[in-house]
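Labels for the chains are A, B, C and D, by order of writing; each one numbers its residues from 1.
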Amino acid sequence: MDIHNLPDPSDFKHRVLVQTRFNDVDILGHINNTVYFSFYDTGKAYYFNSVRNGKMNWRKVETVIANVNCAYINSMYFGEQIEVCTRCLEIREKSFILQQMLVEKESGQIKSVCETVMVSINTDDLHSIPVPDDWRQALTDYEGRELTIPQPR
Amino acid sequence: MDIHNLPDPSDFKHRVLVQTRFNDVDILGHINNTVYFSFYDTGKAYYFNSVRNGKMNWRKVETVIANVNCAYINSMYFGEQIEVCTRCLEIREKSFILQQMLVEKESGQIKSVCETVMVSINTDDLHSIPVPDDWRQALTDYEGRELTIPQPR
Amino acid sequence: MDIHNLPDPSDFKHRVLVQTRFNDVDILGHINNTVYFSFYDTGKAYYFNSVRNGKMNWRKVETVIANVNCAYINSMYFGEQIEVCTRCLEIREKSFILQQMLVEKESGQIKSVCETVMVSINTDDLHSIPVPDDWRQALTDYEGRELTIPQPR
Amino acid sequence: MDIHNLPDPSDFKHRVLVQTRFNDVDILGHINNTVYFSFYDTGKAYYFNSVRNGKMNWRKVETVIANVNCAYINSMYFGEQIEVCTRCLEIREKSFILQQMLVEKESGQIKSVCETVMVSINTDDLHSIPVPDDWRQALTDYEGRELTIPQPR
């Protein structure tokens, strides 16, 4: 991940505000590093809801996280207006790549960027399977571009 | 605490929206009971900021929680618009009582009500002390009524 | 709840160590007040597993929390050995009362005490029902005393 | 990170048990992906305490996380005995690399592996600085090998 060549928040169609909580702040006075993943996770849930037109069944999730790669760029503080930007960068054979950013809304300051590899699974035996056609279609329609060709990063 | 005789959200001058996170949801599909306290804690931080005109020093907190009494009334779900209502009910010799509610904003459904006893302490030796005059004044000014006389509940 | 007349840890048959996490510590340097409920919740899960001989189905829980009343007595710090003590105090018509304590294991220092009202529900319509006989029996057998008569507190 | 060529838990000198909490479990019935970072964070705190002989000042932390790369290999469940293994892989000019694994203790099943880039900072202006000599020495002494030469992975 090249943090010297970051995407622009406006490159993301999907953005949602997340809220800092008082107990997110750790002994150093900033938002603890583990909380970033709650923000990304929440942004991802809203993203999937948008991509699937609200038809996500959270009890029978067909994709699991295989890898998370997160860069910490600037500290976050209680009370800041943080936006999670989420997009699908690329669909592969059995997986797809999400890219996310945490951005302070007023200043535009980038707090963190994260790439997540999501793997499609058979919900019965949990084995990986090719990304189902309805997921391919929904992600492609939402992003409005061909996703089987990797986005230059 | 009498949950059959609940206050009205409009009885509270201070209200702030809190946001559910995907990982707040537990195996039963609703917001886990421990998360309610993160919401109340966050509402309390914003309330104190308002009461003290943004001059809270979170590193040197002069009041600690002595007791929390929380009633669970309706389940909360991911994506609901939850508002935390906070007010000071009463100031005693060395403590004051906060009352808080969690309310779903659109429907007005009350999710939970909570009373918290906050004790004033000397930040050096952590012993309880009379509620300082600046706190008495700030709480009374904010609520706009006499707080040494308990609110009928 | 009378915190000047606390039970003794040895009054509890069920005790389980819980572990502090680095991100449990808040800006004040002690374990945040919201974490206490994660500890009580975890102690409760282990208690129910013991009472029901490991036959808890966490997807179909027949009891819900109606009220939590928690007293904060001493601060907890990262790395302390904290034990959660849990017992059933009393079984009523449609509810039962759990009492829990957080105790530092080496010093015996009591950190917190908590009483929780659990209500039995019909898992289909979520309405309260009389505490089922198998629960009454399991709790009574585990505690080894008559629970329909309230414990003097 | 090559998850087909994982280190062995016995390659790590530092291991600490972490405990699952009931509210770590998400709607899918397994430990939520965000909790992994609480485990890694806690393992890291204990590791630093060991490396620095208990002389960590958590209020004045001289290293910050720049990047986390975490692979999810097997799901974790409530009640499993999870061990966090932590070691320093390499010390660079202004940063060092920690490698961590989550392992189920009884079965030896590897749940996750994670690499974290820690950057040394000046605690006054938060700018990156060369890894201080006392940190280099403490890490090298603890691991018992030369850390300026990268470990083959």
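Assume contacts are C-beta pairs under 8 Å (C-beta built on N, C-alpha and C of every residue); 3 or more make two chains touch, one makes a residue touch a chain.
Small disclaimer: the values here were computed from a predicted structure and weren't measured.
Peer 1: Can you tell me which chain lies farthest from subunit C, using the average of the Cα atoms as each chain's centre?
Peer 2: The chain farthest from subunit C, judged by C-alpha centres, is A.
Peer 1: For the interfaces B-D and B-C, which has the higher count of C-beta pairs in contact?
Peer 2: Here the pair linked by more C-beta pairs in contact is B-C.
Peer 1: Round to the nearest whole Å and give the separation of the Cα centres of subunit A and subunit B.
Peer 2: 32
Peer 1: Give, as an integer number of Å, the spacing between the C-alpha centres of subunit C and subunit B.
Peer 2: Using C-alpha averages as centres, the distance is 23 Å.
Peer 1: Measure off the straight-line distance from the CA centroid of subunit B to the CA centroid of subunit D, and report it in whole Å.
Peer 2: The mean C-alpha positions of subunit B and subunit D differ by 37 Å.
Peer 1: Scan subunit A for residues touching two or more other chains and write them down.
Peer 2: Answer for subunit A, listing residues that touch two or more other chains: 22-23, 25, 27, 29, 32, 34, 38, 41, 58-59.
Peer 1: Considering the complex alone, what residue numbers of subunit A touch subunit D?
Peer 2: By the definition above, subunit A touches subunit D via 1, 27-28, 32-34, 37-38, 41, 58-59, 61, 64-72.
Peer 1: Of all residues in subunit D, which touch subunit B in the complex?
Peer 2: Within the complex, subunit D contacts subunit B at residues 22-23, 25-27, 29, 32, 34-35.
Peer 1: Within their complex, state which residues of subunit B touch subunit A.
Peer 2: That would be residues 17-19, 21-23, 25, 29, 38-39, 41-42, 44-45, 58-59, 78 of subunit B.
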